[in-house]
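Heads up, the next two complexes both have chain A, just with different partners, chain B and then chain C.
Let's turn to the complex of A and B:
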C-alpha cells in the first residue's frame, strides 16, 4: 500500500492533542507517522492493533495515561493487557513482538509522544 | 511612606529616605564608579537579562541623573573593604556616611501613583517561564528589542544567543484568568504585543511571528488602524486560541491549542513571549493601611465612574495603573487630571510659597563693544578628556579671532565651575561665551542661567558638543576626535561672534476660560477651572446642559446616570464663577493663547467674549445605523433607546422571550473605521439589566471581539455565568436582521459549529457606537486638525493627550475620541488642569527663538502663514500692502516659515542666516587648511 504509515500510534483524548502535520513539517518527528485518536485507550481492541499491521505498519504503539492517573481509572491498564496479549499473537505469526509497545505518558505531554515515536523508529531500524 | 496623619488640606507624612551613598548634587553621571566596582549585581532595569555593578544608574534618562549604590551588594558597606569607587570618583560624590533618614512633610494633599505590580513567577512557570530558557516575558522581550537594551536591539534566544526563526506571543498571561487570581483584563497587552512584534519584525524581517489571542482588545484611539496596518505590513499569523501551556521537545517549544472550529493543532517555535498583565502594586495593602483608602475587589484603588481620581479618603487622590490597568495616554491624562483635583483643594495656597528670581539688568554698553569671546573646554571627567586632547583644543581656541579667554574645566556643569565661569565672564568683561562640552539639549539652560545671573543676555552662549559628537562616537580614534573638536569649536566661535541678545517678552493672559460644550466633560472641566478660582464661560448649543449623559440609564458601576447629571448641573448653575450660555453657538475664534476673542451667537444676536484659554468639549453623537431594519421595525433599538425603555420600567418586556444584541454596528469597518470602545461593556451592562428584569429572558450578544477591558471584565464574566449567550462573527460576515411572518430573526454564522443560525428575536438591540460631532467648522476656526475619523487630534498621542498643536486650546471627552464616562471625566479634569496653567501664571512667556519678518523684504505672498503648523503668522495690511507678521506668543521657533520664504524675509532668533553661514564658512576654512597642508 502506497503512502502507508510506517508507524501507527493510538492516543487517547487525554494523553495528547498532538497534530502530526506541523510536527512533521518542523522535523520534530520523522515522516510516515499516523496518530489514531481514541476517546480512551480502554476502547482499544486487539483487532485494531492487528489491522494496523495488516495495513502495512512496521510498528504500532499505544500511548495511554499513567496507570495511577488514568482519566477513566483503569483504561490504560486494560489497554496494556491487550497490548501484551497482541504481542504474543504477533510472535505466533512470526512478527517481532517488540514492534508493538504500550507507553504510559504524562497527560498532554507532546515530549512523551515524540519519545514514543523515536523508540519505535529505533526498533524498526534494529 | 511610613505614616500619614491629618486631613485634607493639612496632612503630615513621614517619609523614610534610604541612603543612595552617592551625593546627587556632586555626581556627574560619568560612570567611572560602575567601571571600577568589582561586585556584579543583577540589572533589574534590563529585566535580569544583564548584570551591572553595585554603583549604577538604572537607565540614562533616570531622574535624578545620578548614580546610587546597591547597599546589599556593596563590599564597603557590608565588609568595610574595597572602597574603590570612592577613590576613583573625581567628583568626590561617593559618601558612605549617609544613613537612612526620616523626614516629616507637611502637605495639603496626597496623590497615589505607585503604578502596577508584576505577575508572580509561579504563574509564569505554568507557561514554562523559568523552566525553558527560551520562554521570556514581554518585558524581557521589550528590553531585547530596545537599542539601548542588553543586546542592542538584536533579538536572540537566551539559550544559545541565536536569532530565532519562529516566535509566538501568548496573550492574557496573568490576566482574564481567575485561576491566578487576576480575573480582570490588563487592557494594554494586546496593543503592546502588536507593537513588540512590529519592532521585532523591523529588526529581523525574516521572523515568523504568531500571536495567540482570545479577543483582540486594541480599542484605544487609533489602535485598531495601527494593528490592522501592522498585521498587513508584517504578515503576522493571528490565531484565536488560548494556549494552556508550553512544552519543550528536542530543545524546541511546542504549543498545542484548539482552534475556533474545535480542531486541535500543534505548532513548534524557537521562542515564546508571554504577554504578562498588569497586577495591582505589590504594596497596595500597605498603602491602603497607611492612608486609610479602600481597595476594590482586585486590590486596585477603589474609585467611582463619576469621580475616577478620588479615593475614599478626602484629599487623597489616585492616578495611573493603581486605579486600574491602563496605558500611557490614560495614565498621563489621569495624572494631569489629579493635578486639577489638588489645585481645587489647595487654591487658597496658590503662590504663597513661590520664590521669585531676580536678575541684574543687562549691560547694554558691553554689547556695543567688539565681541569679546570666552571659550571653556570641558573634560567631563574622563568622558571627554579620555579621548579628546582637551588642552590642545583649549589652546587652539585661543588662536581664533575675538577669543579673549580660553580655559579648560573638569566639570563645567558642577556648581563650583559655574561660579568660576561667572566670575571669569565678569572679570574679563566677556560678551559672548562658547562652552565646548556636551549637548545643548540637556545643558544649555544651565549655562544660560549662569549668564543671566551676571547680567548677560542668555542668547549670547553657543555650545559645541564635543562629548557626544567627538569623544563618544570616535572613541577609537583620539587624534581624529581632537581634530573634529577643534572644527566644532572654530564653528561655534564663528557663530558666537554674530550672536545678538534676544528679548524674552511676556504677554498678559485674560483670566477667563471658554468651555465649548455642556455635556459631562464640559461641565466637569468648567467646574474644575472655576473651583480652581478662575472665571469660566460655558457655551452649550442645545437648550439644556447634559449632552449624551442625559440619555444614559446608569453608569458602568451601576450608579443612576441622572444623579451624576443633576449634581453636575446644580453645581455648574450655582457656581459664581461660571457663566452658562444656553442655545449658543461659537461662530468665530480669533487671537492666540492668553488673548482669544470669540464670537458667540444667541438667537441671531452676536456677543463677543474675551478669554485666555479654550476647552473643547463638543462631545460626540450616537451613530445612526443604516440597515439591520433599523427604522423599519419598532423592535430594532439602539442600546441608548433600550436604556431609555428600561428606565421607564419593564413592561415592554412583557411578551418578550429573546433579545439579540449586535455589536459593532457602524463601527470597525462599516461606516466608521474606529472602535467605539464602550459598546461591549454597555451591551453587557444592558444584557444584565434585562436578565435582572426578566430572568427567564434569553439574551444573545453577537460580537467581533468582546472588549470589556480592565475591570469591566468582571461584568462580562457575570454575563457568561448568568447564561447570556455570546456568538462571535467576523467583520466580513456580519449578522443580518430579517423580517419573518411572526416577527424578527437574526442570521449569524456560528464559527464553532460551522453553520448559519437563525435566531428569532423579540427585540434586536444594535450597539451603534460613537460618531464624532460635526467638528469641521470649529476645527478650522481653531486651526486644530482632526483625525481621519473626525475627532480632534491631540498634540502628542502619549505625552500631551489633552492639548492640541495650537497653544491655549485643550480637548476632552468625546470630541477627542470614543470613550466612557469615567475616562471622559478624568480627561475633562486633565484639560481643566492644563487650561489653568496659563491662567494661574497670568503671563505667557514667549520662547526667545521666534521668527521675525522683515517687512521691507516681505511681499505678502502668505506661504509662511499657510505652512505654519501653530497658526503663529498673520497677514496684516501695512500702508495698504499685505505683510506677514509673527504672533510671537504662538511661535514655537520651528523655522518652517524661514526656510520657505521666497524673499528670505524671515529670520529666526538665535539662528540668523549670517550666523549659520559664518558657521559653515568656518567649517570650510578647516578643510582649506587641511588641503593646503597636504599640498
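Let's turn to the complex of A and C:
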C-alpha cells in the first residue's frame, strides 16, 4: 500500500509529463500526492510553497529542469534559490527544512518524479 | 536608500501572538527597492505568519496592502479608521514609516516587521552596502567622494589607522580600508597632498547627538 501522506509537487510544464492518476492506480505513488503544474518553475513564488504547508502538506517538492537544460534558461535555477529561501523560513518557524526540496529532473522523466516523491515520503517517515 | 531586513519570524510571531485579525502593510519606497518590505515581501510574510499560526494550532485572518510610502502623510490618510478593524498592523516600512504610522494613527497598534539598518547602495541584485551614515556634516569633498564616517570602522577623520593592512581593515579581511581607498582616489587626481592637512575634530551634533533632527524649508511650508 503506497504512502497516504499529503505531498505537493510543483512541476514545470516540461517535467510534469506524468499521469498522476496512472501512477496512483499502479500503486507507484500514494493518493495524497498532488502535482501542481507551472509553465516553468521560474514562475514559482515563495508563498506558494508556504501555503502548501498551511493547507496541510507534510512535504513539498519542486521538480524543475536540469540547470543546464532549462527551457527558459534560468527558471529552475531561480526556483532553487526560492526553495532555499523558503527552507530558511520554515526553519525559523520550527518546521524541518528537509520537508521542502528542489529536484532537477530530466524532461518528461516519470522515474525522476517518482524518485522525488519517494525521497519526500522517506523524509516524512524519518 | 534606506536598507532594512526582515526580523526573525519567531520575533514577529511573538509580536502578533493573540491577534485574530492582522493587516500586513508594505511600503513601496526604499524597503521595496531593497526587497525587504514591498508587495512581494508582504505576500511572503503573510504566508509565513499564516503557516506559523497554523503550526501553533490557531487561526488568523490576514489582510495585505502596500502604501506608496509610509513616511508621507497623504498616503496614511484613512489608515486610522481602516485599521480599527484589525487587532494590529504589522508595518513592513523602515523605522521612519512605523514611527509615522504610530504618530499619525493614534488608534493603530503598529508593530515593526523589519530591522532598519543603514543608508546603502545596491551593489548587485540581492546585495547592499553601507555608504552613508547621515552624519549631517558631509566631508566627501575632502575624501575623494568616499565616506570615512560610514565606511571606516572607527569613523576616523584622519586615517588610516594601524589596523589597515594591504588595503584591508583589521575588522575583516573582506572589508576594504576606506582610508586606503581615499588615498588611492586622491592620488589618482594628484591631490594626495590633501591628506597632509589635519581634519579638525568633528562636531557630532548634526549627527543626532544633539537630539532628534528636524529640517524645515520655510518657502515650502503651507
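In this text, the second predicted complex is superposed on the first by the 121 of 126 C-alpha atoms of A that agree within 3 Å, B and C clash if a C-alpha of one lies under 4 Å from a C-alpha of the other, contacts with A are read in each partner's own complex, and residues count from 1 in each chain.
Assume a contact is a pair of C-beta atoms (placed from the backbone, for glycine too) under 8 Å apart; a residue touches a chain by one contact, two chains touch by 3 or more.
These numbers come from a predicted model, not from an experiment.
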So, after the overlay on chain A, do chain B and chain C clash or fit? They fit
**Request:** State whether A:50 touches chain B only (first), chain C only (second), both chains, or neither.
**Result:** second
Applying the touch criterion given at the start, work out whether A:111 contacts chain B, chain C, both or neither, answering first, second, both or neither. first
Which partner does A:96 reach: the first (chain B), the second (chain C), both, or neither?
neither
(Q) Applying the document's definition of touch, where does A:31 land relative to chain B and chain C: first, second, both, or neither? (A) neither
In the superposed arrangement the C-alpha centres of chain B and chain C open, at the centre of chain A, an angle in degrees to the nearest 10 of 150
In whole Å, chain B and chain C in the superposition are separated at their closest C-alpha atoms by 31
In their shared complex, chain C is touched by residues of chain A numbered 45-47, 50-51, 53-54, 89, 92-95
Listed in rising order, the residues of chain C that touch chain A in the complex are 8-10, 13, 40, 43-44, 46-48, 50-52, 54-55
The residues of chain A that touch chain B in their complex are 16-19, 22-23, 26, 28, 108-111, 114
Seen from chain B, its contact residues with chain A in the complex are 244-245, 247-250, 252, 254, 256-258, 263-268
